[in-house]
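The structures considered in this document are given below.
In what follows, chain A forms one complex with chain B and a second complex with chain C.
On to the complex of A and B.
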């Protein structure tokens, strides 16, 4: 709830900020339907949201000014200065109210006078329009229009009852004037001028509140720029660390060298902190994506006549903005799939002894440097035999292949492009698109999906995504004289083995690690670098990588060490075929590629090779 | 008067050499010209993709133009250069034998490529500039990275 209120405040403030200059424009241009429409819409949105959240005073003010704007838009009345003043005052009041909400100071403003003023202003204008072309000849009209202008000061002062009356009398003195004065436009504006110093105070208060607002909306590109710069600083820091290590070794007696080491290590610490801080700027609670799902599930389950209850937990988990942008579609597809294929109809569920109402649980949590999103349903599970049959039917693989397949591999059939088990495409799913999108979108985020299923108990999709996409911990390795960075997160361990420990089983190199057989691949040949006849190493360094539930080893020539690297995007390179997810620049200014381990795993162990 | 205006339209080109020939690209696409240093090889890349370089913190792919044009390969030497260019919004480095000069030529000396120009290089030619005693091949850089 807190989240939603905060969102509403920021958004409302933003739209107020947007429409205020429009009023000025409107005043200059006169009747402009487009402008009026825009203002009307914004006001309407604020009113709607406030009504939903139960902020009655905001609704009242917004409603009153919306009324005026509607008439203006429909051409029932013409724009006049008193009208405009009244509307502008309502905007100031809205700001003030939003400010109180933001501060949570519980101060209630009395909006009734303003609402009345708005109503009066409208009535006055209406009656003027009704009385003919010379509206200002009726002295009562301007008086009515200006009178409440004085009252506007009231709400601000609700706490201090004393001065209020004094002011009121003072103000009504000022208001007296138009009634006595000969009617005419100049007079009206003069009167508004007199009243102006009071509304100014309100504006002042509103401004103070804006300054205290805790949220600052910043253009994403600016944050990205800071992010880039922070990345550069990291690179320079890495470089300085190299240099200071060198000096430390060469001139260890020199006190200056010690000072250098000290300052560099200080710089090291702040840089890490800064990096984290910048990274946090891009983080948003995953709630932003999840909040639309209850409605989605409701609509989707209604469409297929099933009853489904959605439970969400861990929605406060913060993830990178890119994750927020890319995770929505895959999650929708998975939910859709669960409702359509997973959850049974109510009768079927009851006959199986399950509650009639199906249940889907989405839970999000952080695990190390990974964000895990689990989507669990209590449906009928995935029928693996049926899956295999379908895959053969569709010509996606041969019967022979499916027979050799492990259960884990069989589940992955659902991620094949063009696969669907539904006989007929329904509104929800069955067109054979979807699940492959899930896989693609998630691998864009450098993450992976695991599926586990139990017959009649349900299916769980587990999505793991790295916390940040800009800076990662990596293991630097050397192959054929060139350095590569391997993201640290999927690395389980590193080993140094004798060459003779490597066995070859039907053309596939394997190694036995603690009684478990693990396939082994030479990074050199994966990267197509060609063997430069340096197979003469007695030892091989192995990196044990586990992607989800799969495990394999990569053999490299040398392990260089662990480093924090900044991912630079590559433009103009086909990065999928080269197993590269980005590049980084090392301390010495060289470009080092960051390997896409997920891609390697997909290609080496994926279905295509089964 | 108007005729002479058209005649006066001047092309500013950066010329470079590959093998025996002189080529040119529009100066407006050229960002800078660098010596060749610190190229990192790209795994599983097309053969003309020489690698990537670090250009003040940006990672930029370098294309070996000799290989792209199907010419004999040549070792990098002192006169080898990379021309950093903007090709359809992406920055690339083009590796050439040497960069010669900046040339101003009237646009009317440029002729369309000969219809017989075939082979890999044929489609990368935008036109041929005929100067008094030599021919300069204008490279169509947009085509250069278009397909692949």
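On to the complex of A and C.
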């Protein structure tokens, strides 16, 4: 039973997720029977299943909502804003109810007012429609048409009490002598007509459906367990690779050593494939997150009296479940900002020669091992001078500093903690606690944000996130005799430099790479292991890291090599202050810290003036 | 008299519902139960043969329960398979259409195992009598 309830919750939530954007589509397209049918069906099904499971409040809300949808579908009423609002409210309520079920918190919501509201909204619309075109909507006519049905179904209601025979005779009568059924004749002829040509087409579509239907619902914890085990296998594989290398070198003549190398490299390949397969199991289309945005944009733009059109592309792009869970808030925030600060009012837009309706485009695509999400608006862009002024005003930096800033750095002011450009914090964008949170959330996912803006043409936020979070390629480095792993994705190149190549500009070490100055930091001092600059070295290894548009170098003692590492989270570790993302076990069986490059970059470049 | 080995097809687009109906059927002792997500898939499965009974939802995408019923009744191989239609209260008025299209009986959501059994027994009794 518990399992069924769980399945019901998941399935119902999925259904709601699916139909919500449909409403916004409906609002834009007007009556669309297919859409209405789909929406009606979902609501209807949720009601049906909830009925079986005895979740009365869900049944009540779904029923009231379905009542409206049914009439919409049958064309009895037209969609209006009050109706839409009422329906959307019912979806919110269903979510809430499902949430309570899921949490098992036993909280009962009082759904009566909402049910009442839904009923009232319907009644109001019905009476409007009735006075509008009364002859069409004459309730007496359809009622008469249904009469025969009522005669037959009536006895069924009371079947427990006995008049079974009557019901039976009605039923069999109708079955055996269909021609005599009063309202049935046209139906029957339609049946044979349909029956003759349709089955073949149907079989065709059915084949496609079977392909789609091969799904299995699996508990996430089971997949995570497999993921975990796959991680362990990777670790053992790494160790075996090490050992087999050792034997290969030491006993290269021994034929057994060759066989060992062969088997291990086979294992190596299979493990990589398995990893990929397991990773794919955790992947879900990003649509799961994006589907709630049409509604969000609708509500938000209405709240600030702006017209905004949302376009979504690439919603089928698959990302890791963790990304799905964590990307919603930052995206919501960026959208809010775009609507609140970016998109201008209709008058302002028209006066600038732009279409009155603002546009926001969210596009998602995979680029190499990264998932890229772009949020592009065609609003007024970010006023950099104003940003700088505000930053000085708020004491976040000096005027001197802002003058030296490049435009790219200036944009990043919006990510400074406690920064908000609107004089009055609006209900939408909140009190400026937003954008820095966006950055933090995305760096938790090992990703980064870039912003580009053009005055009066708009702003684009580009979020890049690695495809998977659990297993990453890393560069192993050594500092002061200790090994560290640095995620490979932000590393641009590695260099070996002589001591004399390192310059010092106003207290900051820099190095010139292909005529460009790049700030240089000692990993040793960053990690607080020692002072900046043991002077007793001849040359250093540099790792050039590029996060978005920023570039900096980390100096290490030695480069050990590339390794595939499994990230194990360390409990009770504050990754923002320790620069440690997690730990892994290397091929030689040692525990090694994985460095949080995004965090290092944030802190260092905040301080650096180069 | 019930043949518990009989292969039954449960048709519903909502997997929770399929599971509920399947559980009820299992409680009644039926073991050989298969599922289909909509009428179209159900029809393909039925065409593969061996089914003795169908419990179908009404409202489904691609091919709804009524269409499935009509297709089955007009198919020479399948026309005798008994079909029990699951409907919601709101659809009662549509029941007549289903009856005319040849449904063997219908059951209104939500229902218990006993009601399901009663409906099934009735269908089989009638079929027995007709033979």
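Everything that follows uses one rule, which is that the second predicted complex is superposed on the first by the 389 of 610 C-alpha atoms of A that agree within 3 Å, B and C clash if a C-alpha of one lies under 4 Å from a C-alpha of the other, contacts with A are read in each partner's own complex, and residues count from 1 in each chain.
Quick note on the criterion: contacts are C-beta pairs under 8 Å (C-beta built on N, C-alpha and C of every residue); 3 or more make two chains touch, one makes a residue touch a chain.
As the structure is a computational prediction, the values presented were derived from the model and not from experiment.
Q: Give one of first, second, both or neither to describe whether A:38 is in contact with chain B, with chain C, with both, or with none.
A: second
Q: Per the contact definition in the header, classify A:570: touching chain B only (first), chain C only (second), both, or neither.
A: Only chain B; A:570 stays clear of chain C.
Q: Looking at the overlay, does A:482 come into contact with chain B only (first), chain C only (second), both, or neither?
A: first
Q: Is A:593 in contact with chain B, with chain C, with both, or with neither (first, second, both, neither)?
A: A:593 sits against chain B, while chain C stays out of touch.
Q: Output check: A:455 vs chain B and chain C. Expected answer is one of first, second, both, neither. What do you get?
A: Neither partner.
Q: Determine, under the contact definition given at the top, whether A:18 touches first (chain B), second (chain C), both, or neither.
A: Neither partner.
Q: Check whether chain B or chain C contacts more residues of chain A in the superposed model.
A: Touched residues of chain A are more numerous for C.
Q: Just checking: does A:235 make contact with chain B only, chain C only, both, or neither of them? Give me first, second, both or neither.
A: In the superposed model, A:235 contacts chain B only, not chain C.
Q: Which residues would you name on chain A as touching chain B in one complex and chain C in the other?
A: Common interface on chain A, chain B vs chain C: nothing in common.
Q: If we count contacts the way the header does, which residues on chain A are in touch with chain C in the complex?
A: Its residues touching chain C are 4, 7-8, 11-12, 15, 38, 40-41, 44-49, 51-53, 66, 70, 146, 148-150, 152-153, 156, 168, 171-172, 174-175, 178, 181, 183-184, 187-188, 191-192, 194-196, 198-199, 202-203, 205-207, 209-210, 213, 217.
Q: Under the definition above, what is the set of chain A residues touching chain B in their complex?
A: Residues of chain A touching chain B: 232, 235, 482, 526-529, 568-574, 577-580, 583, 585, 589-593.
Q: Inside the complex, what are the residues of chain C that reach chain A?
A: So the residues of chain C touching chain A come out as 12-17, 19-20, 23, 37-41, 43-44, 47, 57, 59-63, 67, 70-71, 73-75, 88, 90, 92-97, 99-102, 104-105, 109-110, 122, 126.
Q: Within the complex, which stretch of chain B touches chain A?
A: Touching chain A from chain B are residues 38, 40-46, 49, 52-54, 57-61, 87, 90-92, 145, 148.
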